[in-house]
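Right after this note come the structures.
Two complexes, one shared chain (subunit A), two partners (subunit B, subunit C).
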Partner chain A sequence: MTAASAEQQGYLEDFEKLAARASRNGGAWVGDLRRRAMDRFRSLGFPTTRDEEWKYTSLDALRRACLRTVDAPAARPVDGSGPFESGDWERYELAFPWTGREDSTGPGGARGGATAKVPGKGSGRDTPDGRDESLFIGRLADAVERRLPWTEAHLGRHADHDGHALRALNTAFLEDGGAVRLGRGVDLDRPVHLMYVADPGQAPNRIVHPRTLVVVGAGSRLTLVEAYAGAGDAVYCTNAVTEIVLEDDAELDHYRLVREGGGTFHIGTVQVHQARNSRYRSHSVTTGGAITRVELNALLDGEGADCLLQGLYVAGGSQHVDSRTAIEHARPHGTSRELYKGVLNDRARAVFNGKIVVRKEAQKTDARQSNRNLILSRDAEIDSKPQLEILADDVRCAHGTTIGQLEEDELFYLRSRGLDAALARKLLVHGFASEILDGVAIEPLRDGLTSRVLAELGA
Partner chain B sequence: MLEVRNLHARVEGKEILRGIDLTVKAGEVHAIMGPNGSGKSTLAQVLAGRDTYEVTGGEVLYKGQDLLEMAPELRAVEGVFLGFQYPVEIPGLNSLYFLRAAVNAARAHRGEEELDAVDFMALAKERMKAVEMGEDLLRRPVNAGFSGGEKKRAEIFQMTMLEPTLAILDETDSGLDIDALKVVSQGINLFRGPERAIILVTHYQRLLNYVVPDMVHVIHNGRLVKSGGKELARELEDTGYSWVEDAAGTGTDDAMEQPTGHAAGREGGA
Partner chain C sequence: MQVEDGPFGSIFYRMKEMAKTELDSELVGGEYKYGFVTDIEAEHVPPGLSEDVVRLISAKKEEPEWLLEWRLRAFRYWTKLEKSEAEPKWANVHYPPIDYQDIIYYSAPKTRKDGPKSLDEVDPELLATYDKLGVPLHEREALAGVAVDAVFDSVSVATTFKDKLAEMGIIFCSFSEAVREHPELVRQYLGSVVPYSDNFFASLNSAVFSDGSFCYVPKGVRCPMELSTYFRINAAQTGQFERTLIVADAGSYVSYLEGCTAPMRDENQLHAAVVELVALEDAQIKYSTVQNWYPGDKDGKGGIYNFVTKRGKCAGRKSKISWTQVETGSAITWKYPSCILQGDDSVGEFYSVAVTNNRQQADTGTKMLHVGRNTRSTIISKGISAGHGQNSYRGLVKVLKGADNARNYSQCDSLLMGRECGAHTFPYLEVKNNSAHIEHEASTSKIGEDQIFYCRQRGIKEEDAVSMIVNGFCREVFRELPMEFAVEAQRLLDVSLEGSVG
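For the complex of A and B:
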């Protein structure tokens, strides 16, 4: 094994602390998983721009920052309104406020204090034996500790960390986050809202590793809102991994919302495994953060699986936002639709990499991908790269990229009706973004996101 | 209300308006006719403040103010309305939201209270009825996927909502079926009033049968080469524009008839 670099030293120390503390919790497999992942991180090190996958996104600043790991979410009551302009809508809510304060450890070394507003019956809290598999909405730490069988079956089995240093790091430090398990044929009556809240002002130079596991059983339906919010300009890193498993005919509407503070690195992976005739719909909205990189990988591993990826990234100032998606069609008759839109202002830089793989046996695949960008400033930049690997011969596959500015005609039309130039611009940007925002079915959430997006652009 | 004096404008180095003189008084309707490419839309857009056209000479007074100094949005709230020859489609922008913002911009400028959504809707419904426009159109994004005729009707509807003082309608009659033409004409006639003026850019006598103009001007090659009463339009219908080309062919401004009436006494050419 290679010697750990100086930059890795803090991570190793923090890891040993965690390993000692967490060894009692859950089965031995969790400890093994963590240690294997830590070994991978040690030998991989932080990626550099010499790695093809990280060509346009440099993590040098993150590497040099030598962030220390916050060991568990701090206890803090959730008032229900949340920091994400989430508004008033019926939901099951779990909040993970990481403040990095020393008092985040509860009495007797009990971890966490993530607060939950979850359904009584069958929730993580109320079925201590964990036998009721039809419904679990709770903390991953709880689910693992109680050895619920779906944790071992899926945790760390989908998001590959062998070749990815940051996923390896998340896996090495995996401890808590949201866990949702629906058994067969459950149609949950309201969305599940996972809130990962960072308050780096309390203790800067920290890194957190939220881990989310969602397993939707055959024929079940779920709406999941996974939100990351931070405040202030302190240096901080969210390094998140979410694993999603959709069994046969399962359906998931997934909102992944990122609104980090100005000094934040946000690195995230969503790994989706789709079985036969399952439907996955992703709506990803990213604002804020200094450097953001979100990878979304979907494996359509059953016949007739259906995947829709919609994304919106908005960046200004000197923000850097990198969206990387990979849709892999492994079985016949799958469909995928992808539309990612970006709005860039000032000196912002965006990267879009959309990969579609159609394996040889995935005949009759129908895949379409599109990336559209609106550039509001001369100094903003976008690198957009579609990547198709088609090994089957009977498929339909299309992709397209556009990069444009606000239309002079449209601006003049609005101004000729009395709207001042700033308002006209704002309406046009909103018009561009609304194609994605309109896909947000939860109305108060959509309104909150819309104002957030416009505010981000100073509009 | 509007005085255009020796207006010159060019786009991409090409001179398109080459000395326009035009005076429009409150209460009047002026028609501007002329061959394709003669500069009608350019004139209309310059008056509305489009900055892709560079004004290289002349002046424009609107209610005594220097119109060319004003931003397009200021012209609009001051009561200038341009009905576009080709209204722009803006997918993603809600028509109702847009129009309410426009109406309220004008109201705010006049120091009036803004209309709330309910009052606005009531007004919109009433005005829509007047131009027989389907309410469903308002539920769609601005002009998005509208047919040619629907777009023109929507322009007139916007005009009736914004209640401008000077309406410049650029070929609002083109693309309308016979019934729609009647409805739109009715809309324009309802809008006519002693405090308002209208400039109609059109290719067809048909519109002028419904909206009878006080003056008709012929534009050719960036200049108004002939002006007259409503009978001039009928004359043009019979003879076409070949004669203006002949007239322009003589090459001197003196050979052209000066615009009559309000422009009398001023230089017709550069």
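For the complex of A and C:
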């Protein structure tokens, strides 16, 4: 074991505190998982830009900040008036707010009474209480403590933390977050909305490690909205990991929305495991944050699995947004489609890294990937790296990347019809972004996102 | 595999009998014994690398002090690199560690006291070898109209058409000769595009480079013929470290061809060359390569490690550098011919066909660095994988802040033939200027059954159909090659892929 560096010291102390406190919750395996992950983090240390995976995104500021870990936030009902307006639509909602005030988050035991009975807004109906194993919508801590078998079967099994320091750190501190389990053949009547809300207030320099586990049973259908929001400009870090398991023929529409505060680091991983004929559709919209990095990895581990990734990243000021996707075709007849679009303004910098791997067994794979970027200012920068690794021969794979600015003739066309320059610009940017935003099926959510994206760009 | 005529297709097989080589080189009281390489006596420095070897190479070539100093600086830098991180690890290739102390860094055919004055003086054995290789060195020179600077192992043996070129002021000679005759030009441009500190293999080359070609085209001159160098690695256990420098002065044009072959051997040989191109205002350089180093046998035994640094600088306004390569040989290819587009309105092009069959690995591509305004670049890359071959395209398009209106179009297609091979694409696009237009496309597929069916229906044999389709796949690149190279390249492709289709 290598000696821990000074920057790691605080994490080690916080870890021991957590280990002492949480030892009695759940099975022994959780404690083992945490400790193994902590050991990995110790030996890995923070990645540097010499690491190919982190070539364009420096975590130096995060490393030097020596953030202290806050206790996992308690789940509690919210009235929907948080920093994240999500509009008026029917849903099962679960919020995990944490604030900088020390007294609001006591030790884990004090939160033991918190329940996951969160009324869906406007519905008045309770979520199923989780006694029925085929249906659980609630806190991960709860599910682990009650030793529901699907937690041990899946938690920490999919998101690899051996080679990834931040995932290791999340796993070491995993305690709470959203947990959703649908049994066989469940078609949930409304979306599940998980909200991770940060309000660092008076106590900045904290890091929080939300952990989400979603297991969709054979033939079931789910719509999941996973939103991260923060307020203010204080320095804090959200280090999130979401594991998603789709059993045979399962379907999931996943909206991952990030809107962090101005001083935030947001590091997130979504790890998807797809079984036979399952369908996964991801819509990712990222705005805000000082440094945002979202990794989305899908493993198509069953024949005929289908995967659609759509993403929009919008950055202005001196924001840095890094989107990373990896689609791994491991079985035959899989299909994947990917479209990520970016709009950059001011001195913002965006990184896109999209990888498609086709393993030898994955014959008849059809994979297509596209990354399109719009640069609105002189000082913005984009680094795009699409990547194909193909080991099967009977496949069709393609990727494309474009980087450009608003077309002069398109602007001219609109101007010639009497629109002023600002409006013409706004219209074109809206048109560019709407290809992704139109994929959001929940209408109030789509409207909210659209106006947010346009506001972000000052358009 | 069939032995056919032609400069590329069957070289390995013809060279078979020449591969039985015994080396016996030992330093005895400051003198070298001469070992045998084919039937030619060769002069070797003993294996290993040290400052003394660098000094010895420099002394043997009677180099001026400044060049020795440069070599030593490179050597010290390389030593530092070797201690810290050794070879670059990022490429998608795998090979056992190279023992740099087990390589012979200098090997020259034994020359007569003053070196050959004309073709008649060249060792007939050597000429016969070239004859087998199909190099139009002697009587074929007029026929092919190619001026050949032939590099046999490390020393340039004969240069044809030199006088004719000299009349126009074009300098085309071996690198050593250029150091002697035109030191000011060499000193001005050597390392100006690929500095000795560029990368591990470039540093190694800078320290021990033995010979290569030098070409200078004066202002406003259009070189009337294709210039050409054939490289061959003959002696066993020797690495080849040639260095090529081409300078096109304002308004000039030159087209340069490079063909590479090596005999068949069981052990792996290292080839770490450096090519530097400089195009001044309005000048154009077209650089074409057909690389057919020995790829190793079916099971991946033997073969050349081709770790090459090639880079051109469009230094002046409206200059243009165009790279075309057909890479069918080598056990491992690690090569990224690049363009620094410094002058405003300059143009960079890269056309590549890379074939990997059996156990071959290729990690190749290009870098286009847009520095000046209105710079344009085009990348067309075609990768073909067969057998257990692994083929990677790795490229960088970088637009710097001041490069207004930069334009790039990249297209990288891969063709897979067989269930065990792989095709990989690693493009990097870095853009710091919003007026840039960058487009990148890549695709991977196999030969469509409907395409084969269409050809078969019209009475074309399956093998011919595949050959036709593969040639069609590569056409965008082949049409950039000079005529006689294009014909050879097509034939070479057929030979390389033989046995992998059907």
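FYI, the second predicted complex is superposed on the first by the 425 of 459 C-alpha atoms of A that agree within 3 Å, B and C clash if a C-alpha of one lies under 4 Å from a C-alpha of the other, contacts with A are read in each partner's own complex, and residues count from 1 in each chain.
One rule holds in what follows: a residue touches a chain if its C-beta (ideal position, glycine included) is under 8 Å from a C-beta of that chain, and two chains touch if they have at least 3 such contacts.
This is a predicted model, so every value here is computed, not measured.
**Student:** Give one word, clash or fit, describing how subunit B and subunit C relate on subunit A after superposing.
**Tutor:** On the shared subunit A, the partners fit.
**Student:** In the three-chain superposition, say which chain, subunit B or subunit C, touches more residues of subunit A.
**Tutor:** C
**Student:** A:Lys360 contacts which: subunit B (first), subunit C (second), both, neither?
**Tutor:** second
**Student:** By the touch definition at the top of the document, which applies to A:Ile390: first (subunit B), second (subunit C), both, or neither?
**Tutor:** Second partner only.
**Student:** Which partner does A:Ala421 reach: the first (subunit B), the second (subunit C), both, or neither?
**Tutor:** Only subunit B is touched by A:Ala421; subunit C is not.
**Student:** Considering only the touch criterion stated at the top, classify A:Arg378 as touching first (subunit B), second (subunit C), both, or neither.
**Tutor:** second
**Student:** Go through the superposed model and pick first if A:Glu52 touches only subunit B, second if only subunit C, both, or neither.
**Tutor:** second
**Student:** Look at A:Gly400 in the shared chain and tell me whether it touches subunit B only, subunit C only, both, or neither; answer first, second, both or neither.
**Tutor:** second
**Student:** So, does A:Asp248 touch the first partner subunit B, the second partner subunit C, both, or neither?
**Tutor:** Neither partner.
**Student:** By how many Å are the closest C-alpha atoms of subunit B and subunit C apart after the superposition?
**Tutor:** Once the two complexes are overlaid, subunit B and subunit C approach no closer than 14 Å between C-alpha atoms.
**Student:** Could you pull out which residues of subunit A sit against subunit B in one structure and against subunit C in the other?
**Tutor:** Common interface on subunit A, subunit B vs subunit C: nothing in common.
**Student:** Could you list, by residue number, the parts of subunit B that touch subunit A in their complex?
**Tutor:** Within the complex, subunit B contacts subunit A at residues 48-50, 52, 71-73, 75-77, 81-82, 84, 87-88, 90-93, 97-99, 101-102, 105-106, 109, 141, 158, 162.
**Student:** Over in the complex, which subunit A residues touch subunit B? Could you list them?
**Tutor:** Residues in contact with subunit B: 407-410, 412-421, 423-424, 427-428, 430-435.
**Student:** What residues of subunit A sit close enough to touch subunit C in their complex?
**Tutor:** Interface residues on the subunit A side: 52, 360, 373, 375-378, 380-405.
**Student:** Per the contact definition, I'd like the list of subunit C residues that touch subunit A in the complex.
**Tutor:** Residues 90, 414, 416-446 of subunit C touch subunit A in their complex.
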